[in-house]
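Look for chain A in each of the two complexes below; its partner is chain B in the first and chain C in the second.
And now, the complex of A and B:
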């Protein structure tokens, strides 16, 4: 007997329990961090309003920001603070846990910081796990088909150790970027942007009394400036009892805060540019595979022209031309960089998926769709795109690594290229530490470099894993991918 | 389609590409948000100086004593016309008044020397490692080589350069010998034209003063070696990976089986049948290195302070020398396209299957 297909809402209505259980736990998890999310959105809106010529709405947003700050958030520096100071009798004040009865001292700042970090990463892992579990619930309870090809791909990925390792690294990187304001022992604004607007209390060892000093002054006494000078290496306290998990920079700012915030910029640039270039590449691949002939040729010429200028040079050229332009001011140049990457990376991506797109365009089902009179647009999106999207993901993952490297390379070069001060970027940390590599302050250049290698290897491994999962026979993708970034790799 | 037709088609395609790419460069420089004249002069400048440079660049012209802006399309024809006829104009900031051609000639040897050795070093380390891994698959050596290749590829080359520079500068403490005084005395950071490359302009020196010139070559080689190692790093990883796959594929192919069945020596099979066929997929990797080299030379030359074209490009960009950047970009476009064509020629010569597949 022929069964009418049901919609997902009907299926959930028929058996609501698993879906409701899943949703309840998800909302509970979400509520823990809702305050941070709302605050993040408001800050974003505020940044956009500041760019607009009118001042209208700014006060409303500021009000909303204060209101949002009142929403309790589990993993925040308000709940688990690690600032604070020692009293002369050795107890820690203002560090986690604060004001508990029968507890007369907080934890040492490093433990407070560690607890917050472990919680943040643990929370992210729990959220991811629950979302994956949600897919399983959907598959078991609500999906009509018992088996789809995607199940096999997922199974293959699950057995792909290298790909999974890459996924873990990518996940940690994304978590670091998303939770950046919470993870650092201090904030970018307090420590890097306006250090002289904030004060801190500390125990003066000489007088044995509590003193106050601005963060800026404390920073100048916390520099890691190589041989014969002061140095505050990884996992150490400075003279103001501030904890530095990765040590300090030569300017005396905290390297971990710098790195976490830098991860955010890198991820922002990587994702935005891949979104732009991926959309362009997918669109052009569909059009060129569907119409072939002259359209394809025109795209080949356009793509080749863009690719004939080495990407790093194109980036340098465009950054120089946009120097002082308002577009270059947004996110300290991050947005401009993402746009340049987006519009100069698509030929590489398009080249990579052109083969699969041409292949699928010769399939019988595409021919059938065409002869049934389906519109070209519908044929492309429904019958061709799903086949190409997997390959696009593979290359997107591989290319993000190249984009992260190139972004840091430009920031390393400095001179107004790349992401500018005060927004942290990993390449600038390497530039700051390059004179101190062989001194006691080796950590300044070494840690960012090692992290870049890890993250890029992670993205590469993840891409390899997806490729083997969707197309176990292929060995494609070698050669073209590494050219992206134009030589920073 | 025959292979020669394929080649001709590829060459014909390069013409619109070079025109289109040059047009993009023109639009970025002349129609972009930055006024080329202001970039040269800086924000505070007299109007007279402004007009002088604008007229010289072809952005304005004098009509009856008034300065009138030249329409963009006329500027375009002028810009493209002079580039295609080999007139690269002059530098305005980096070396005021010097013809760009002269600057390129002065700076190119360092970059060529660096690029040459980075290709060679990458080839001589990457390919043997890859072939070794492919001939001994799934052994400890294979895993070690593969892992090394993967991590090597993910390393940002500027970071590698910074690390290598520091290591070499302190080799005395770290390894007990000093890199500076090893064999020939050379500095690690090559500031101020420490690298003497006059033999590249005048090969006659090898005959007239062979001893001194050879010493010069050796010193220049030693000075450029760390940079070449870094610049070649990305390609080295690629060559290793592709070399490994290619050897594995060739090893399991029918003709190798046949050769084995004929009772050929293991060594003959490796050299005559596996090695030669495995080289084919390496051609695009080797030519593709040009992209990596041109882009990467900016970073490596900046860290090691080598006065080459990459460093020139960076200096021109950060100092607002837009006319120089425009000409240099055109120069690099021509080079990359020439190498692409060279790659197609090589392919057509080595691989008879070209032109029959993928069309």
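And now, the complex of A and C:
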């Protein structure tokens, strides 16, 4: 019998072609957006440094940021611009592809914007597809085992239409959040935060000449403020030839930019709080299931005490306490909200996974691991956690929907709760459009409202799909009924 | 046997109690036995007689609400194990004492390959990693006669048959290189032919490696095949202990006699197989009388009052003891009762009990 390679590196060395092909395409895909990623990281570092008491290193970071801005990135507003203006003879200047050499006329802003959006979503889909393909390559060419239990779970998910639909919605939402700065027809800083620091050129219809105006002034002329007033609905241009895919807000700012950026805030809060509470829940579930007895009782009492605190009152209290504190300033209260959710939601998650954890702790393989002297930590992570992690994912995806909707609800209420102005948050768009629901400016509240419902439903459907995928009996049950049916026939 | 050399494992007055909300279950009471290096000691008894709790007590795997009572002593190579911290106990587990569980279906984690789990044990006890661990893993699989071990290392437990799985579990225990192997009904879930193979394998391994084995079973037939010495347990107590031939040739305790009479193979030609009427009582109090008395065909009035202690019950040979008021045989009934009463635990140390009937 010939010697088979045993480690993954040896297996790749023995048959490098599929891995190299995959890696080459992946690097090519990555290179397209590397600039944006590096810039994103630098901006994050910069934000953290600003928070620190010393200013040391800030200049270096700023320099690095400028250097990173020079790295060409395919899907950016520099490569595919949609600002720009019409010349009196009707040609578009500064819009894609006029910015490219040897092209002297641009597309209408809406087409430029659409091309950029299609490219961004297409890129995200291609990246996801390539990563999934990579897993298949690994499975086919390099994995030691012909079959693992995960294969069946993936197969079950692949046949779960409702779960897949949820996954698509979640994927679109995440793409929107990740590519937020690129997707909007304008940027948050330019359009919402400092509109009077930026100027735009437009064709003055009355004089037939090119004029310049600050964005802030233009915004006041672009408001969607209900019946009898101006309205710029979805898929329309305002008087300054700016394109608004979702229309404008009552303040005249662009709703699509607001929504894309708001998606980022929602996702940040949702993911961070679920990461905190999920980690706490998993850790405590392992500890209480492994040690049982008094440790478990202490955790039950602690968890129940936290569960008995009304979350809304806690949020109001902490929002008031931290008003003006630096912790409350980050993301206009978004970080604080994520922390509060994270540390007050874990008992609910923990309660949900404690049962499965206790169940797996009675399995003989856990005893077997202990009986040959495995450490508690390794026993918990290797022999108990994998069993619980599926349940945790199901509940996490349900809770993340809940957190997103609660964040929006708090922002909707306003008054220092939730995420404050100027950081975009979907709930605030609904609040802004509240008075105009029955007017021509219906889009202001309706679009964010529908999107929240879609996203939350998407997360729930995704959770449903995971639950059925990790449960080997979800299909066996159906098979049984079929057999019974066949026997009766 | 030389007395100055301590036995590999010495269990003395082991008493394990489970404090449930409803009642206290004294699952194991005053259990004492020794295991010498290289021998196989069997523990036999019905379900619920405390065999597994004894094994788990030795491994330090008694979980809340269970507790080993003070006064119990478990010495391994002369080292006291009771009262050890988890951390200290981990040094004994695996490399000192390894355990094989009853159900080969659930003793292996279904989400990892068999190789992964064997390598885990190898890494823990022999510090082997990567290629070395794989080779060593293949070696132990070969040692338990699993064909094509290189391929088997990469397979998941569900791809193994029951017998193969039990072999893999034995391989895992061997990977720890223990001195004592506790087998908790390792053959119960297997069919008879596989049972025989596993027993043979255990004997082979014992011969090769000089292992001591503590073998737990409820099957008198299996016990006869593998054990050197046998302890018979009933309701948390050892009621008879003897070398295996002595026990099978001349069982002294009425319970052991009953057990042997209910084996079909030993009682060929009988019209009906005799059975022991009734069930094992739940030991919810410290015993103050003979626990077997309600089911005993030879019980007399004193059996309900006096808790018998282990006394010489010589049949053929040495070291044959039984906890029964019928022994020692050379004394008269009154003397026997006095003999046992004298050796009884003083009443004030006991908790009040109700009449078992």
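By definition in this document, the second predicted complex is superposed on the first by the 460 of 489 C-alpha atoms of A that agree within 3 Å, B and C clash if a C-alpha of one lies under 4 Å from a C-alpha of the other, contacts with A are read in each partner's own complex, and residues count from 1 in each chain.
Here, contacts are C-beta pairs under 8 Å (C-beta built on N, C-alpha and C of every residue); 3 or more make two chains touch, one makes a residue touch a chain.
What you see is a predicted model, and the numbers here were worked out from it, not measured in a lab.
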| item | value |
| --- | --- |
| Partner chain(s) touched by A:70 [first = chain B, second = chain C, both, neither] | neither |
| Touched partner set for A:412, first chain B, second chain C, both or neither | first |
| Partner touching more residues of chain A, whether chain B or chain C | B |
| First, second, both or neither for A:370, with chain B first and chain C second | second |
| Which of chain B and chain C A:302 touches, first, second, both or neither | first |
| Which superposed partner A:325 touches (first chain B, second chain C, both, neither) | first |
| Partner chain in contact with A:401 - chain B first, chain C second, else both or neither | first |
| Which of chain B and chain C A:206 touches, first, second, both or neither | neither |
| Touching residues on chain C, where the partner in the complex is chain A | 59, 61, 63-65, 86, 90-95, 98-99, 101-103, 106-113, 120-121, 124-125, 130-131, 134, 150, 154-156, 169, 172-173, 176 |
| Residues of chain B touching chain A in the complex | 13, 16-18, 20-21, 24-25, 28-29, 32-34, 39, 150-151, 153-159, 162-163, 165-167, 169-170, 173, 231, 233-235, 237-238, 241-242, 245, 281, 284-285, 288, 291-299, 302-303, 313-314, 317-318, 320, 322, 325, 329, 332-333, 336-337, 340, 358 |
| Chain B contact footprint on chain A (complex, rising order) | 300-302, 304-306, 308-313, 316-325, 327, 355, 401, 405, 408-409, 412-413, 415-417, 427, 430, 434, 437-438, 445-446, 448-449, 452-453, 456-457, 460-461, 475, 478-479, 482-483, 485-489 |
| Chain A - residues contacting chain C, complex | 1, 4, 6-7, 144-145, 147-149, 291-294, 363-365, 367-376, 382-383, 386-387 |
